[in-house]
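Below, each structure is written out as structure tokens.
Each of the two complexes below includes subunit A, the first together with subunit B, the second together with subunit C.
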Partner chain A sequence: MKDSLITVVRSLIFVIFALILCALVFQLAGYNAPVLLWAVLDGAFLRSGAIEQSLRWALPLFITAVGVGISFRAGFFNIGAQGQFYVGAICAAFAAEAVKGGPAFLVIPTLLLAGMLGGALWALWPGLLRLRSGTDEVITTLMGNFMAGLLLVYVTSGPLKDPSGSGQQASSRPLDPAYRISDSLGLSPTIIVIAVVVGILMWLLVNRTAFGVLASLAGRNGTMVEWQGARLWKLGLSSFLVSGALAGLAGTIEFMGPNGRIASGFLPAHGFTAILIALVANLSVLGTAVAAVFFGGLASAALYLPIMAGLPSAAIDIINAAIALFITARSTFIDRVLRLGGRKT
Partner chain B sequence: MNEIIISILRSGTPLIYVTLAGVIAQRAGVWNLGLEGLMIIGACATILGIMLTKSVGAAILIAILACVLASVLLWFVIDRLKANPIIAGLGLTGLGIGGTALAIQSIFGSQATVTAPFGIPKLGPAFGSYGVLSVAVAAMPFVVFAMWVLLRRTRFGLRLAACGEHPFAARSVGANPSRMRLAALSIGGVLCAIGGAELAAGSLQFFAQGMTAGRGFMAFAAVIFGAAHPVGATFAALFFAIVGAIGIRAQLTFGDRIPHDLLQALPYLATVFGVWLSGKLRGGAKAASSFAELRDQ
Partner chain C sequence: MSNSSKSALECRNVTVKFGDVTALSEVSASFAPGQIHAVVGQNGAGKTTFARVAAGLVQPTSGAVNVMGQDIRTGQVSESRAAGVELVHQSFAMPPSFTVAETMEFGATGKGGVFSRRGLIEKWRAHLAGLDVQVDLNRRIRDLPIETQQGIEIARALVTDARVLILDEPTAVLSPAGIDMLFARVRRLKERGVTVILILHKIREVLGIADTVTVLRGGRKVEGPLPVAEVSGERLANLIVGEAVAKTLDRQDRDALVGTKAPAHEDADQQAHASGPAILSMKAISTKPDSGGIALDGVDLEIRPGEIVGIAGVEGNGQKTLVRAISALADLEGGTIDLSGHDVTRQPLAMRRKIGLRIIPFERNVEGLSLTSSLWQNWSARELLQGSLLKGIRPAAIREACDRSLKAWSVHYNNSGQRAGSLSGGNAQKVILAREIDPDAKLIIAAQPTRGLDIGATAFVWQALRQARDRGAAILLISSDLDELFDISDRVVVMLSGRLNGEFHAPFDIGLVGAAMTGAAAGASA
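So, the complex of A and B:
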């Protein structure tokens, strides 16, 4: 218990440290830092309707981040959430074309499943390459992100192109409103239920199943787990597939919910933010939920800042980046202070 | 034909400079995913520097200073605070893209692009149709050669590789891996500044928010595809530039009849194939990082 408390305090210290650094940057850039940070807080959580908007962003991020946490736990550095998110949405969009006209209670689960399959598929090949040939998954999943981004450009300006669409951004034909799972505001009972179910299932998977325990051990010492008779191969591939499927599910929710279509280059920071959430939460499922609300708030503030406060939304990117810069730091100093009087390590 | 070569050199040169920055970091054992951020900082600082000082030389010096500072920040976080290099690098990239956007907005308001009155000097009519290229393009082969000498033929370069491959062994013969990484990242900062300067002021003379558009990551792919060898990675970057030029040409000639977007994925696919192959040949690539280590502290 003490350890988990220390983890929480550590994450908080780094986030606060990053915010102070950002305040300095904003001040140097000629903005009034306290006013800017207050506007961020206001846009994220305080103004009326802010919580709903923050949750709209938090729920898909939570789903992707839980998946990222699963693969990190197993010791696989899958940074391809963005690509898996895109491919999931693309597969769901193709499935939507294929089953057009069916009854909604059949079509909606089919599309969600198609999205999960798509995401899992985009995690399958880096997983296979890693486990069969030892190809580093950081490179394959990073390259996978760019390939998925180009695939998205291709399908939205080719096979799925909306002929009535105009302007800079190519986008797909809109989804039939009968199959939408939320309006454009993006918060609906369906999405909340999906997120809660995912959260409970993943919590059980991590904390109450042999898979979860073995995967965490494998992440710490794969050789030992293998010697004890566990199939590292199966364990690793499953964690890749679960993380891919969840990112794909999040992409599908964005497609079937708030967006109603897929557009080239939509939500380009989703995967990176999800990785940050998983790291800030130190890979715990409950922590991921809390961190997702925080980063969801930042995402909603990014839309609010330029319109309501006349401040640049780049401020949010800088806050995220500063947190990324420091969140994995292992400064022994902080630990020493936190453990003061505690057990020796 | 000349036209195609010019367009390849134009898009390839910034990429090659940034790739060399990635190569030197890679050899020191740092996977530098901050290249994208460093490049955009270099591009932005060059344009702002030109407007401020009315001198290209001073502007490039400012850009070098900014990029080296950012690189030292990355070194501090990775080396001193023991942060994960991949996440910290991505963080630096975010800081570069967000920071330059914020800087432009705070100076020029909501303006998306900033145009400088002049750019890096051109080669001039003495070089015929190649005269439209900037001097940074002409300097590029010499820089590649210098990097090859530095990394493969000097005591510093060999020690650097030793520090990257086996820091413990390097330390035992008196090298200081931490200081070597600082040197490698700082030199990388200089190269990223020149790459960014060439991108913004070579043939364009303007800076736009997010103008690097993934070139830094493509440079990282070239580092991996070129097995972190200065010449190999340069050819990888050149190959990527050629694929890009062919894609644009195909789009102009055939319109939407061939999927040029998918053609653009070729470099990334080639990189995956290259990493897989080198893993096969060398018997498994070394894992870059372990999160378990991070969790257990």
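So, the complex of A and C:
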């Protein structure tokens, strides 16, 4: 508990560094930096309805990011959240076609499950390749993202194509409103409950099971765990599958909730933002919740800035990038400067 | 201070700090030219740091280094080299794929340029022959025996006409016969006028080769350089260990720890320990070459309860593969392994551990501990793996149990949440002991369990192994230190080229064991 608090505080320092850097860039680009940053804050949390809007983005991001954290903890750099998110949504969309007309209390869980299976499937093959033949999972999961993106283009313009679509962007037939779990604003009790349940379960998995301890040991030193008799592939593959399933779940929530359909190229940055969130949180589940709300706020501000304040939404991209920069630098240069403790006894 | 103009090498008030750790504190010593000097001390006494300061590899926090009456700039390898000081490291630093001639050329000068194979050989043949290194200059370093590799390292250091040659723990990797060869070589260097400084940790070796001895302890100079003729082994032992610790040690252990004399095991009731059917029974075990080293070739080994079996051998003769084979981490080609009466030949390590296998692995910081994980996680890994992965745990309860266990093993630490990497080597090893030596342990593999530990920690580890033995556990001890093996083993088996080459019982004869280690008298005294 204390540890994860320190982590969050430390990450906050980096976020502040990042914001200072952004302010500098904004100022140099001719904007009034304080005004711009204030508008970001306003769009994210202050104006009426901002918090709801921020949570709408934060909850799916949180679910994906927790999963990313699970695989990172086990030492597997699964950067395929985006692809797993898409495949999850695709599977749920197919399942929706298959069980059309059933009672909602059966169909909704079925779709959620189908989405999780789809996401897990998209994590399974890179996991197997890595654990059976040592193929670098960074490469395979990254490639998987592109494949999933193309698959999405195919299904939305092929098997699931909505014939009445505008033609601007290929998309699937809309989900029967009876099975939607939120309106298009995207925040509903169902989604909140799902996110909370995922959060609690994953917190328990990480902090209160043998798996959590062993996966974390394996992530830091696989050799040591092997000498203890653990089967690394079991720890590794299950971490992969959990992270894929959660990304798939997030994709399904977007499909069954705010979007109500899948469209080619929808939410293209979701998986990468989730990775950033997991890293900012230093992989802690509680930290991920906090970081997800922060990044959800930025996502919400990105929509608000151009319309309401006449400011460029690219400001949010710059903020995201600056945070990514500082978080990546954390493990090397900056952390060394800020290091606390670590004395020999 | 003695007259510095007469010293080959003199250090004045040298202090070295690494962060909070003081490796050397106000060390002053002056070494007369043309003699063989020994610098001794236990692990962590600062011997290697001292050598590295003299060679310019470590910048001292304060103090001066003087070579042949000239102060040199400290912390500069080129300065030390120019002044004629060369260091041969404990672990050799030659590219394994280079031929001898290439190693000599590029290791010595570090210059590039056009060369022909024949030209290089011509160039270096005389130099190597002059130093009594008999070797085909076309052979690759990795194919050479360790004694020859060491000879080449020394020859390489002497290319620049070094006047002071420092050898850091040169005996650690050698068999007894190899040590004799090394000492003969060192004596010839002395005849040529080279001042040799040997970093050693066995008194027996000091008395056998050196003209003077300097003792370091805890980063400080305790005594020296003293003429070896004027100092007894007994006195030297107490200087190295320190009076306070010496009192707490069993005499035989102390002698083994500092290598006072030719080791001999004089435990009268040593045969009384072993009883009952074998706990480990390996029959005709052969393996494929393993990531850990060469293949095993038909190894038969039995260990019974209440017995410590020592594996002697020059490093790299299959000891690692043996441990990996028993731990189900090597690929077997044939043979069977029984553990406590169960055939575990095809069983994974998890199953073997359930039966009672425990491993203190070779690489403490890689195979034994996850340095960036907390102590309690490291400590609990073995038990957590016994149950289902999804079994619920209470970290608070585990941490309490961990605290109790670590206290019982007298580990010095702050709290069980601290990283394992923040502990000293001895404390880290105790954490591994706390995890691996439990009442259910039936076969304990202890692979180099005291490497790098100071005397107090080493004695502690020995005590722990003996207690486990007395409780009825079977113990397999792998060590490259014959003193250690002879002191605590009930039986010693020698490994050579992936086979067992002779078995010895107390009292151990260092000559016979040494011969078996090099294959000079295969199978002698079985």
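Quick note on the criterion: the second predicted complex is superposed on the first by the 322 of 345 C-alpha atoms of A that agree within 3 Å, B and C clash if a C-alpha of one lies under 4 Å from a C-alpha of the other, contacts with A are read in each partner's own complex, and residues count from 1 in each chain.
As a working rule, a contact is a pair of C-beta atoms (placed from the backbone, for glycine too) under 8 Å apart; a residue touches a chain by one contact, two chains touch by 3 or more.
Every value quoted in this text rests on a predicted model; they were computed, and no experiment measured them.
Undergrad: Does subunit C touch more residues of subunit A than subunit B does, or is it the other way round?
TA: The partner that reaches more residues of subunit A in the superposed model: B.
Undergrad: In the overlaid three-chain picture, which partner chain does A:193 touch, first (subunit B) or second (subunit C), both, or neither?
TA: neither
Undergrad: If we overlay the two complexes on their shared chain A, which of subunit B and subunit C does A:279 touch? Say first, second, both or neither.
TA: Only subunit B is touched by A:279; subunit C is not.
Undergrad: Of the partners subunit B and subunit C, which touch A:104 in the superposed model: first, second, both, neither?
TA: neither
Undergrad: With both complexes overlaid on chain A, does A:322 touch subunit B (first), subunit C (second), both or neither?
TA: Touch partner of A:322: subunit B, not subunit C.
Undergrad: Classify the contacts of A:220 with the two partner chains as first (subunit B alone), second (subunit C alone), both, or neither.
TA: In the superposed model, A:220 contacts both subunit B and subunit C.
Undergrad: Share the list of subunit A residues that count as touching for subunit B in one structure and for subunit C in the other.
TA: The answer is residues 220-221, 345 of subunit A.
Undergrad: Note which residues of subunit A are touching subunit B in the complex, please.
TA: Touch residues, subunit A against subunit B: 25-26, 29-31, 72-73, 75, 77, 79, 129, 133-136, 138-140, 142-144, 146-147, 150-151, 153-154, 157-158, 219-221, 272, 275, 279, 282-283, 312, 314-318, 320-331, 335, 345.
Undergrad: Which part of subunit C faces subunit A closely enough to touch in the complex?
TA: Where subunit C meets subunit A, its residues are 20-21, 327, 329, 348-353, 359, 361, 363, 366-373, 377-378, 380-382, 384-385, 387-395, 412-414, 417, 419, 422-424, 427.
Undergrad: Show which residues of subunit A lie in contact with subunit C when the two form their complex.
TA: Where subunit A meets subunit C, its residues are 3, 204, 207-214, 216-217, 220-221, 223-231, 234-235, 238, 342-345.
Undergrad: Considering only the defined contacts, which subunit B positions touch subunit A in the complex?
TA: Residue list for subunit B touching subunit A: 31, 33, 73, 77, 81-84, 86-88, 90-95, 97-99, 101-103, 105-107, 214, 217, 220-221, 224, 256, 259, 261-262, 264-265, 268-269, 271-272, 275-276, 279-280, 283-292, 294-297.
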